[in-house]
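Next, two complexes with chain A in common: one pairs it with chain B, the other with chain C.
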Partner chain A sequence: MIANAKKKVTDAALGVFGWIDDRIHVSEIFEHTAGHHIPKSTSSWFYVFGSATLLCLIIQLVTGTLLALAYVPSGAEAYTTLEYLTFEQPLGWYLRGIHYWGSNFMVSIMLIHMTQVYLFGAYKYPREVTWMSGVLLLVITLGLAFTGQVMRFDEDAYWGIGIGAAITGRSPGIGGPLVQMLLGGPIISAETLSRFFTLHVFVLPGSILAIIVLHLRMVLLKGINEWPEPGVEVNRETYDRHYAAIIKREGMPFVPHGIGKDLIAGAIVIVGILVCAAVFGPKGPIGPPDPTQIDANPRPDFFFMWIFAIAALMPDYMETVALLVAPPIVITLLFLLPFLNNTGEKHWSRRPAAVLTVVGLYLSLGLLSWWGITSPWSPAMTAWRADPTPKQFLVGHTPLELQGAIVLQQKQCRNCHAIDGIGGVRGPDLAEVGSRLTAPELARQVIQGGGNMPAYGKNLSPYEVNALVAYMVSLHPTGTTPAQDSAKPSVPPPENSKRQASADPAHGDHG
Partner chain B sequence: MTPDAPKETTPAAEGCACQSGTAVAAPTSRRNFLLQIGIGLNVLAGALISVPILGYVLSSFAKKFPLEWINLGSTSQFPEGTTQLASYENPYRRPWDGEMARIPCWVRHISANDFQVFAINCAHLGCPVRWFSESKLFMCPCHGGAYYENGDHAAGPPPRGLFTYECRVTNGSLEIKGGILPNLGNPGNPTEVAKPA
Partner chain C sequence: MIRSRLLPLALCAIIASALVGCDWMPGKPNPANRWKPAASITDPATLFAQNCLACHSIGATTSAAIALNSPTFLAVIPPATLKDTITNGIPGSRMPAFVESKGGSLTAAQIDLLVDFILKNKKPIEGPLPPYAAPLGNAATGQVAFATFCASCHGGTGAGAKAGSIVDPDYLGLVTDQYLRTIVIAGRPELGCPDFRSRVPGRAMTDQDISDVVAWLASNRRNDLGQPLAAPNP
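And then the complex of A and B:
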């Protein structure tokens, strides 16, 4: 009885499926897409990052669409709607968090995917277009990341647009008009936000979907790169036959036999995004986009930190080149990589230059990002009134030296110069400056500046300079002598080096 | 346009027929004629539709924004020998600009009717510079640019001094020509004598 009923149900189901398949050819589509045959060797944990990136994009599309239900891309209201989303809309904060962390995951996993593809030589013949479409996807994703930062329309977004405009303004000849076009007017305004909204919500997502179609089509057409073997070289004459033989020998349908690890990785990614969103929450918004609140300390999101660092570290004459010329060259080289290196070895163990490139690139990006986060070149804007002078640098000093300590604090020297590690790190720590520079050298440096230090000659009275120099000369480890001019005959260490220094005749010129 | 189209079709269509070796479409066939007309009309229509689209998108590229005098308030608000933060309403503001319409600037009162008004934006990458009256320096929080009280470059990566606004004193009020985001491509003050860093 039961077996009979079961058979009837199965028959009915098959009948329904047969009807659907007859009308819309599902099984044929399946065979050519999800069920396409892949080399058995590619069912590996190394091959899960492409599908994981795609999964991130789907999460971004869903959460982004949902955020747009509440977000108003208006200069006057964007910030209010962000606050509404974060604090009033049920689960709004969580969706913002998922969208933010989804973007971090997407950029990171995409970079891992790209690195894997590069190290496995997958960009070589015949998968040039797969790689090139991938480079376009990277560029669009970074575009989405930058415009997404602007959607979080707070003070960082406002000044971030200003940085974008300042870089654009460096274009020779047409900088001014280009800035106007970027901003939609002569200054950052509501029209600027509308522009970035249009890019973030219509233009870039539309483009990314179109290029993904091409990318996936190429994966189906030219196959997934087989696990590279050292010594097996890609040859344009023989590769297609070689790959066909692999598929014939060990090919298996992606669904269901190859997708298992992708599914597991996908689940890990989703849970990772959910956990990060729950634990760390969404980013910002920090203060409103009010330009008159000038206490802003603009910083980009982490994937652009390295550019922020380059902008600080480049010498002036190279900066425009580094900001405007280098990126297109790098992208073009990346884009044309399959033509620069089309055949030959795929295995990383036979491509030391490729491995070194990857290592060098990640070290540089990591180091630059770290510098971007710590920003050692930025003055600590509040150090002069927030960071006390450590007690041991005040006890036992003469009144003149103490006056100098007050000048050091009062004139914002501490914003750039730490004392014993407390304060800004733009300039050298002054804890032991007296053992490095003599009084005349210190006076010259204070008055004339130089080596990235402003000249204080006009901003300090001679009395202030005198006191400041006396104080700095006294800053040397106990039991050591202050720095001495090697051109002058050395004198035995004086009994009280501090008093000696402040009475140095060199100061007389200023005092 | 239309009378020219059949003339152009003939050689191209012949070439096509010769190469394929089959009589897909005779050079002067009705189908071929319609195809050529169709392509021609679409090129024309495409050109027509691209004019308003490109005009719309590129309008802000070439548009001139003439700057008018804007009142920053009575000069008595700015004591002689000080540098203070002031702000003005963007003359090109839209009703939905919100708080973005108020643009800050630094006003330095040198003496009597002698003023300097600086843009808030660092000449390096546009971050907001802050004034420190004690050390008489402007410092930038982004990449460590520093400027002297007269706006000259003092330290750090900025390629020039602070951007200035054209300013004047009329009937006891300080006026500036503002409303643009100054950048290296358009510093915004034609009267300014640019000094190298």
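And then the complex of A and C:
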């Protein structure tokens, strides 16, 4: 009885499906898309990053749409709506967190995907267009990341646009009009945010969807790259037959047999984004996008940290080359890679140059990003008035040395020079400077500057210089002598070296 | 069997409660960290930590300039002088003006908060107190008073013994007469220099002693050629 009813239901369902399939040919579409045959060897954990990137994009589209419901893309209201989302709207901060971490995951996983494709030689014949569309997707994703950073319309965004516009403005001949087009005027104004909003919400997502269609179409047309074997070379004459033979021998439909690992990886990505959003929360907004806020300390998001580091570290005569000439060359090389290296070995063990390229690239990007995050070239702007001098650098010092310690704080030396690790790291730590430099050397450095340090001679009275030098000479570990003039015969360490140091006649020479 | 059915249910319950609980997850931005313009900060401890702490301790740290929790200093300085010092700084010294109109980082209201915050530690002190400011006394008698009250640490000539020199021309070129007076009165107990009452046990320095010692110290100012100098500023 029950079996009979079950059969009836099944028949009815099949009937409905059959009717739909007859009208819109679902099963045929399925067979040519999700059900297409893939080599068994590609059902591997190394092949999940493409679908994981796509999943991130879907998360970004959903959360982005939800954010757009509250966000007002106007210069006057964007910051207020961000604050509303972050602090007032229940779980608004979580939505922002998911969108922020979704973008971090998307850029990271896309880079892993590209690396895997490169190391597996998947860009070679006949998948050139798949690779090239992928490079376009990378460029668009970075565009989305940059414009997304601008949507968080705070001081990071403001100065980010400023730097973007300054780079654009250097383009020969068309720099001015380009900046005008980018900003909607000569300066960052109410129009600017609308432009970036349009890019972030309409132009770039539309383009990325269009290129993804091409990218996936190429995956279906030219197949997924089989697991490379050392010694098996790609040959334009024979590869198509070779691939067809693999599919015939060990092919299996992507759905349902090949998708398992992608689903698990997708679940891990979703959990990763949700957990990161819950634990670390969204970024910012920090101070409002107001150029009169002089205590702003803007930083790009992590995917542009390496550019930030390059811009800070390169000599100024390299700027135009590094900002305008290098990126087009790099992107063109990346784009044309399949033509530079179209056939031959695919396996990484036979392509040492490729492996070295990847290692070198990641080391450079990683190191530059780390420098960008720590930015040792940036002074700690509040150290001079907020970081007290540690006790051991004050007790037992003479009245003059204590005045020197005050000069060191008040003239903001501390913003660049830490004492015992507290303060700026742009210049050397001064905790033991007295054991490295003599009084005349210190006085010369303070007065004339040099080695990236400005000259303070015009900003200090002779008394201040003497006090500062006396204090620095006294900064050496207990029981050691201060630095000595190498041109003079060495003297035995005095009994109380700190006191003697301050009374050192040498520092009186330059009053 | 029951177990395998309960497991997904339990997982769903955990995820659902986790989602509901998200509003107090560690990543939730703290409204206290919401950006505010520096002029709207009204917590005096924050203002002190952001503007004063590097040079002036208030207890937990040590500082190169005078500690603002020094009981003697707090007992003698008139509140109006404290406010004026923060507002306008001390020209010619290392103390900058903090009021916005003079290029500083604080509003007048914030300076009032800071004055109250610093004076909160003020406690009554027994015995007569010297005035915070007074004209210079007699340098010759000052030298005698110095020998009595200060020489045990700074040496008979003031050039330093247990403690460093107090007559170094560079030092005297950097400090005002009022600064010298304040240190003679309040000392730097945390760095080993007692206040005016404790230098000689059982014998506090009198108003006259203080003014005379300051006059003698000031008379030691010298220029590069060793010639006597006046005070660096009024």
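The rule is short, and it goes like this: the second predicted complex is superposed on the first by the 469 of 511 C-alpha atoms of A that agree within 3 Å, B and C clash if a C-alpha of one lies under 4 Å from a C-alpha of the other, contacts with A are read in each partner's own complex, and residues count from 1 in each chain.
The rule is short, and it goes like this: a residue touches a chain if its C-beta (ideal position, glycine included) is under 8 Å from a C-beta of that chain, and two chains touch if they have at least 3 such contacts.
Since we're looking at a predicted model, the values are computed, not measured.
Participant: Overlaying on chain A: chain B and chain C, fit or clash?
Facilitator: They fit side by side.
Participant: Quick check on the superposed pair: does A:D295 touch chain B, chain C, both, or neither? Answer first, second, both or neither.
Facilitator: After superposition on chain A, A:D295 lies in contact with both partners, chain B and chain C.
Participant: Just to be sure I read the superposition right, which of the two partners does A:A278 touch: chain B = first, chain C = second, or both, or neither?
Facilitator: Second partner only, chain C.
Participant: Looking at the overlay, does A:Q410 come into contact with chain B only (first), chain C only (second), both, or neither?
Facilitator: In the superposition, A:Q410 contacts both chain B and chain C.
Participant: Classify the contacts of A:E237 with the two partner chains as first (chain B alone), second (chain C alone), both, or neither.
Facilitator: So A:E237 meets neither chain B nor chain C here.
Participant: Looking at A:I286, would you say it contacts chain B, chain C, both, or neither? Reply first, second, both or neither.
Facilitator: Touch status of A:I286: second partner only.
Participant: What angle, rounded to a multiple of 10°, is defined by the Cα centres of chain B, chain A and chain C, with the middle one as vertex?
Facilitator: Between chain B and chain C, as viewed from chain A: 90 degrees.
Participant: Considering only touches as defined above, state whether A:P177 meets chain B (first), chain C (second), both or neither.
Facilitator: Once the two structures are laid over each other on A, A:P177 reaches chain B alone.
Participant: Is A:V395 contacted by the first partner chain B, the second partner chain C, both or neither?
Facilitator: A:V395: touches chain C, not chain B.
Participant: Just to confirm the value: shortest Cα separation between chain B and chain C in the superposed three-chain model, in whole Å.
Facilitator: Minimum over all C-alpha pairs of chain B and chain C: 6 Å.
Participant: Is there a shared patch on chain A that both chain B and chain C touch, and which residues make it up?
Facilitator: 288, 295, 384, 410
Participant: For chain C, which residues are in contact with chain A within the complex?
Facilitator: It comes out as residues 18, 22-23, 25-29, 31, 34-35, 37-38, 49-55, 57, 61-65, 94, 96, 160, 163-166, 168, 170-171, 173-175, 191-192, 224, 232.
Participant: Going by the contact rule set out above, which residues of chain A touch chain B in the complex?
Facilitator: 74-77, 79, 158-159, 162-163, 165-171, 174-181, 183-191, 288-292, 294-298, 308, 311-312, 314, 316, 319, 375, 377-379, 381, 384, 410-413, 415-416, 426, 449, 452-456, 458-459
Participant: Considering only the defined contacts, which chain A positions touch chain C in the complex?
Facilitator: 83, 86-87, 90-91, 93-94, 97, 154, 276-282, 285-288, 293, 295, 382-391, 394-395, 397-403, 405-407, 409-410, 414, 461-464, 466-467, 470, 499, 502-503, 511
Participant: In their shared complex, at which residues does chain B touch chain A?
Facilitator: Chain B residues touching chain A: 58, 60-63, 65, 85, 87, 90, 92-104, 120-122, 124-130, 132, 134-137, 139-144, 146, 148-149, 154-157, 159, 179-181, 183-186, 197.
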